[in-house]
Amino acid sequence: MGEFFDIFIGSTDVFFQGLWLTLRLSVVSLLIAIVIGLFFAMLKISRIKILEIIADLYIWVVRGTPLIVQIFILYYGLASIWLIPEFWAASIGLAFHSGAYIAEIIRGSIQSIAKGQNEAARSLGMNRRLTMRRIVLPQAFRRAVPALGNQFIIGIKDSSLASFIGLQELFGVSNTMGSNSFNYLPYFFTVAIYYLVIVLVLTVAVNQLEKKLAVSD
Amino acid sequence: MGEFFDIFIGSTDVFFQGLWLTLRLSVVSLLIAIVIGLFFAMLKISRIKILEIIADLYIWVVRGTPLIVQIFILYYGLASIWLIPEFWAASIGLAFHSGAYIAEIIRGSIQSIAKGQNEAARSLGMNRRLTMRRIVLPQAFRRAVPALGNQFIIGIKDSSLASFIGLQELFGVSNTMGSNSFNYLPYFFTVAIYYLVIVLVLTVAVNQLEKKLAVSD
Amino acid sequence: MTKPREMIRVEKLNKSFGDLHVLYDIDLKVNESDVVVLIGASGSGKSTLLRCLNFLEFKDDGKIVIEGEQVEAATHDLNKVRAKVGMVFQHFNLFPHKTVLGNVIEAPIQVKGMSKKEAVKEGKRLLDKVGLGDKYDIYPSRLSGGQKQRVAIARALAMQPDIMLFDEPTSALDPELVGEVLETMKELGEEGMTMVVVTHEMGFAREVGDWVVYMNEGRIVEEGQPDHIFDHPKEERTKAFLNSIL
Amino acid sequence: MTKPREMIRVEKLNKSFGDLHVLYDIDLKVNESDVVVLIGASGSGKSTLLRCLNFLEFKDDGKIVIEGEQVEAATHDLNKVRAKVGMVFQHFNLFPHKTVLGNVIEAPIQVKGMSKKEAVKEGKRLLDKVGLGDKYDIYPSRLSGGQKQRVAIARALAMQPDIMLFDEPTSALDPELVGEVLETMKELGEEGMTMVVVTHEMGFAREVGDWVVYMNEGRIVEEGQPDHIFDHPKEERTKAFLNSIL
Amino acid sequence: AGDDTATDLNGDSTDEDFHLVESGKLTFAASGEFKPFSYMEGTDMVGYDIAVGEAIAEKLGLEPNPKKAVFSGIVTGVSEGRYDIAVASHTITEERLEQVDFTEPYYYSGPVVWVQPGSDIETEADLEGLKIAVARGTTYIAMAEEYTDDIPQLDSDVVALQSLANGNYDAVITDDVTGNAAIDNGLEIEEAFYLGVSEQGIAVRKDNPELTQAINAALEEMKASGELEALAQEWIGVDITVEPEDTIE
């Protein structure tokens, strides 16, 4: 126990570097994922058969294969065609993955915005684009906040897989330090605590945000 | 493309061994996870504060840390205390992880079984245990089938992480063959197809099961 | 004439949900073979009173005496008490994963330890009695509302209760199905079953009821024989209520 | 006397949803400043007709002529047509993420390209007019139903429509709030707005309506001046309907 | 070889003497991703390390039981009793000696700095601050740390070399033989310079000195009989079983 405490305290600088990388990976991938998700959500509600099929295909492939396969294809698999640095391979892999889930979240919340909102806007002479941009999306995003927050938390945990393409994010740090010292347990416990704290902080933050956004409801 | 096809065909025996291991891992871990999930679901609805807290704690820890950390703690971390063979480290790690999600699924479906069912059973003189066992759980399980099926699919994909403790399941096979041949892409595409097919088959199977169970509804 | 046996006695029963006081000082007596009808506006506490009698809710204070024995949650095995008091709910609450017969034999086998053979025999007898002799192996989802409610009655009777409680048994039914359920209840009353019935069917109350209790805002405002209550109510509130529903 | 200007003309309009034929050969004419009231039982097709006039639903065949121009979905910019025809819905459909004033100025700015300053000035004027001069910056969730509906009216008026359609504007309101909305509508009618109103408020129909149209099962069964329809209906179905709601 | 060990080799001893993980079997770990020392052919692990492990098992009268393992976990796997031994190209180091015992070296090799073709890295000084990838848990980490902080760590050397060829890193440090095998497989990388010579030993659990001794005896016999050299020739193509002139400090 004393040993664990020493290691926990003694390794903060390295773990903070890992933490910083984990956060960068998660945030960057979330932002890309939102763009991807929004794009495919639009395809899904486009009512154009071929576009819907494309979106379904994307979602099916992502949901049907492990994230690690997606990351490894981007990093190792595509290397001979297109060289992607670790950070971007991991970020894009994570984004590609979350994107499918986010597409479903956004589509769901768009469709939950009462049909009535759409009709009200259309009856005022607003065209489909304008209606989407000014009326539906702002409400859909707000409604999606809890689910998006949850997806972000999943993204943070998933970013641990970036260690397997050589990135020294939180988990990578613990794995390296554990194997170098031939003493894994304290490092894994340390990293678990880091993750738990991030997730806790984020959960609270998302709840706060939710409350704040609810003001106008 | 021809090369990919050759590799796809030529590697079936190795991939089938990986597939067999993937399926064993996923099924074993699902079964353990259902036991764990049922246990914690019972704690959560026990109305005994301390048991609820224990269940919440478990769920919080699992949801707050990456699966890979959980598996590595079991395999590397605990080795000095308790030596767990790869297969069991992976199975238990996966089960421990899914268990938290399954606990929530089961709790949710128990609570969705109308309060009325409980009251009808109690009014006939059935005690709480009997009511749970004979009336609520059979209905709850049935209602949980789609979500459990979904969790099983997630488990299959998550089992890819077992490769990082040396198990040659599907992903491990593709990774090893890719690195030995210095030619990853065809092997990763091959393994992606395996996963997609399993997931597709399972999705259809779960849907069928759902329909069959719906007969008496 | 011998003194009738007292099946239920309630004294100064009070019940709150949190801050909401729902039942105030309720006194009620039900003798053997009585059919007591509870009437009153929505929210007046009828269901709560019935549920207290079956210990699905617990009183705050007061006395509940069932067949001469004062029942307290702390000291009594409530499951035993509940087995003596059958209950029929507005929404039937059949077990959807069991057949009609399965619904009826479940409790006798599991609670009373009756043999399956005997339970099936008795169950079939009861289902025949409520007119569902051809539906043993069907699942509840395939029944009409009226049929469901009759299964629920058979299910409660299968525990051989001494008292039956009915909480608006016909109010979830389409009008054309109400009659078959009331008929079954009427037969039951004529066979001498002790019954407490919450209902808005005033025809039933008048024809089958021995005693009518009118509740308002958690209190018993007026009670008496059906003809008295319906034809010569004393209280203004009773009159107003009867006007509103007749 | 000059011939009144014709604002809406419908000829032989038919509309189905899949297999369900909802409107049969509807003919309707609405002149400038007319207040036409549509009545009829639930499901008779009143909403569908109104929605066809605003092109929220598309007719199967027949003609719809708005201000002299026959409008076809294929060849017309429907957004322009809709801007001329305001619509008020039963459930208000305010934009919950915008303030009261935000709701009113949204379309003028975005669709008409009005300057924000001008839109705000006009929006405030309209909100004052419907009696909500003190609620500009409040979110809809904090308004009563009657206030919400008056915002919805102001929002539609902000587009300066030539015609206003109302689909049961008061039927989602608590009874005590109905009056304020009807009052607003009455003023609007008196100012000369052309209006088509679906409502069950027969008092309003009689007082404000110039023409009443009774629909049944997708057909116009009878139409005429309010006094004629209400006091001397010719058709049996009209009589039955009026009896059922009066 | 002494007489004691000779008796062991003659099969007089039973496997109880060795505290084996699975009785009657010599359970040995290798990474399976260190061509040509260990790699996968179908579902079988093969290579020089595996061949040596199998030969030793045979000499000890045991059934060989190779286990594929992630390299970084192998030393602890041996010390914690997952495997009896590791024939996994472990360089004998102080740190590892704290965890496990090592046998005499079963081959000699040298860490090499590998670079992309046409790279202008020629001396140690050129490595300053560059991105140097290594396999997790290897001795190469410490070497790389001499020059830089930017050290991606991967689960295998082969993967690192592959990524180097892809252009992800400036350099990779790994074994001479492994790098050359990769080049033979068509990987476009180049040898920059040697970082010395290292001794590779077989790792054995500390509480199992009898096994260490028996393996040492077996190795001795295989060296003497030329069997070990034959294995090296078969799998590597050169004799790496004799100590070169200048061993690393």
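Each chain carries a letter (A, B, C, D and E) given by its place in the written order, and its residues are counted from 1.
Throughout what follows, a residue touches a chain if its C-beta (ideal position, glycine included) is under 8 Å from a C-beta of that chain, and two chains touch if they have at least 3 such contacts.
Because the structure is predicted, anything quoted here is derived from the model rather than measured.
Ignoring subunit B while keeping the rest fixed, chain connectivity by touch breaks into the groups A, D, E | C. Relative to subunit D, the chain whose mean Cα position lies farthest away is E. With centres defined as mean CA coordinates, subunit D is found 51 Å away from subunit C. Look at where the CA atoms of subunit A average out and do the same for subunit B: the two points lie 22 Å apart. Chain geometry summary: the mean Cα position of subunit C and that of subunit E are 82 Å apart.
With centres taken as mean Cα positions, subunit E sits 37 Å from subunit B.
Subunit C has no residue in contact with two or more other chains.
Of all residues in subunit B, those that touch two or more other chains are 76, 79-80, 164, 184.
Within subunit E, contacts with two or more other chains are made by residues 73, 76, 155, 159, 162. Under the touch rule stated earlier, the contacting chain pairs are A-B, A-D, A-E, B-C, B-E. The touching residues of subunit A, counted against subunit B in their complex, run 60-61, 63-69, 72-73, 76-80, 153, 157-158, 160-161, 164, 171, 174-175, 178, 184-185, 188-189, 191-192, 195-196, 199-200. By the touch criterion given at the top, residues 54, 56, 79-80, 82-83, 85-87, 89, 91, 93-97, 106-107, 110-111, 139, 141, 152, 155-156, 159 of subunit C touch subunit B in their complex. Remark: subunit B residues 114, 116-117, 119-127, 130, 134-135, 138-139, 142, 215-217 touch subunit C in the complex. Per the touch definition, subunit E reaches subunit B in the complex via residues 32-33, 35, 39-40, 42-43, 67-70, 73, 76-77, 80-82, 155-156, 158-159, 162, 182, 185-187.
On the subunit B side of its complex with subunit E, the touching residues are 13-14, 17, 75-76, 79-80, 83, 85, 164-166, 168, 176-177, 179-182, 184.
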